[in-house]
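Worksheet: one structure, shown below.
Labels run A, B, C and D following the written order; every chain starts at residue 1.
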């Protein structure tokens, strides 16, 4: 994973599913965010990225890691509709928030996809607790590596917490059993 | 993963493969250790645990994570031999160190397996940089979860390093792209 | 597989893809037909039945076995559209004929699905060279068994051919290497 | 599958498992035989060919198709032993007959493997009801295709039966539901 340190652009979503109110990255600050861009008609999205998103959602504590799906409609625009996306989410039993990327009047690439410079679907973006992009990958990704990267990010200090305290926190990860107090 | 904080017992190995000299957990202190106990004739070991061990070995930096295989012969003793284990390692192209657990004159359970109270094969033990057991699981384990747990453990301070320095280190994980300097 | 001997009802399709002209079972008489009913939003259809249909199409000679897909829209009617089905077929690189089951003004179950009494998607119907239903299964089906059943059906005599001749033909299957002439 | 019409050489086995008495191809005449050559330390044998052999055994009627395993020890001779093979069969819950190919005093290739000209493990040989080789493949094989080939072979006339009668038999396969009597 190459070092990427750009601040994650805000999401632009025209319709949200699985959430009572619109989500923003700003509102998720302090949590690690796994942003999974997909399309219903993209074979690798359906066979790999969406099931992986579900596993991420099932594996991590919601207070540590937020999974956000993004339907980045950049092709076959006529095929997609809100009823389709709603039925898809129902049939695949997806429980994490999913946003429909905002259509762009000036071209086929929707706004969020454009801001992130995504190359296609599936794309995975990992955003740290401070809102920085730490990974941006196109195509299927291995579970072990993604798990490791998210696991590492969860150990970083929560912004706003006292520096020394957060360092201590980083040494006592919640994702694994706590070590005994240092001698 | 339940919190487990016992100090990891030292390995007892009668023959090592893929290493020039005998390994000890003491010599691996400072690194996260993934100890993978298996048997050549155990279907879940061969279908799942050994390939996962290889993926762990391929995914993490050796300076961060040491994968150690342990052939924990607790049944079918007559079937196993050094030539068998050697040929197995060759055919499966395994590159990480693998030890043959020391036979126990007093019963079928070899010494390391006995010390750890392993319930069978495959078993996975994760040991932190300070030599504490942080996970001990029997049976197949999911890649995403194991990746997350190892990834989190890699972010813990290396023992012996200065406290403030290790805190800084914890905030700048090697497993993921470095964040920009905090404002 | 239970013995089923009903004559296969004719297909009722409102739109065909991957074929120059509408297909009918009557026009396929003399070939074994694998009729695969699916829906784009049905997880088991997409993960298992559609890939299996493609493998059937790739494995058998078209002159022996015709694969026919049927989009049996019986739920989420609002989600489906011709552009969706067209884009799906394009993205999944499907080359065999696929028909959109005729909508039924009197209820949610489309006409072909209704005639066959299908219980849902995916469903697989195997029809022999004489137009008789020989298998009707709901849910995922194992490749080995389906292969065996289709392979056996291909060995049956083509209707209309002379009885003695077709018997000889049955003894010299095209799907496997020809045996030497009997002594 | 290329047409192969050689008469299948007799098996040469030094030890049999899962059978009360030694098997011979001669004694299996009248049945289709799936001969699966494997080695315990061959990754593709264990991951693919042995599970496929088990599926063949589970799918077809024993009176139609005989699955015969052959441990074709052509390398790592020191690693293999009768206790190893016995424990392997126990752990993998294999129920079909398995023979240990007869060691060859003149070289590493055991006798049956040598007679068939097998290129390695896994190898699959399909033998028809009359004892002719109809397929001989090296490496993993697809379930659908293997199922089709075995399914087709089961439809061939049993040798010794009356010609007209066997033709009728071929038109009434047991592997699929019987068709109604021809009009």
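One rule holds for everything that comes next: a contact is a pair of C-beta atoms (placed from the backbone, for glycine too) under 8 Å apart; a residue touches a chain by one contact, two chains touch by 3 or more.
Everything quoted here is computed from the prediction, not taken from an experiment.
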{"item": "Contact-graph distance - origin chain A, target chain D", "value": "2"}
{"item": "Copies chain B and chain A - interface residue numbers shared by over half, same or different", "value": "same"}
{"item": "Farthest chain relative to chain D (centres taken as mean CA coordinates)", "value": "A"}
{"item": "Comparison of A-C and C-D by number of C-beta pairs in contact, larger one", "value": "C-D"}
{"item": "Interchain centroid distance [CA atoms averaged], chain B/chain C, Å", "value": "50"}
{"item": "Separation of mean Cα positions, chain D and chain C [Å, integer]", "value": "30"}
{"item": "Distance from the mean Cα position of chain C to that of chain A, given in whole angstrom", "value": "40"}
{"item": "Chain contact graph, described as a line, ring, star, complete graph or other shape", "value": "ring"}
{"item": "Pairs of chains satisfying the touch condition", "value": "A-B, A-C, B-D, C-D"}
{"item": "Chain D residues touching chain B - in the complex, by the definition given at the top", "value": "40-43, 46-47, 75-76, 78-81, 83-84, 86-88, 91-92"}
{"item": "Chain C to chain D touching residues, read off their complex", "value": "1-5, 52, 55-56, 59-60, 126, 128, 130, 132, 134-135, 142-157, 159, 163-164, 166-168, 170-171, 173, 175-180, 182"}
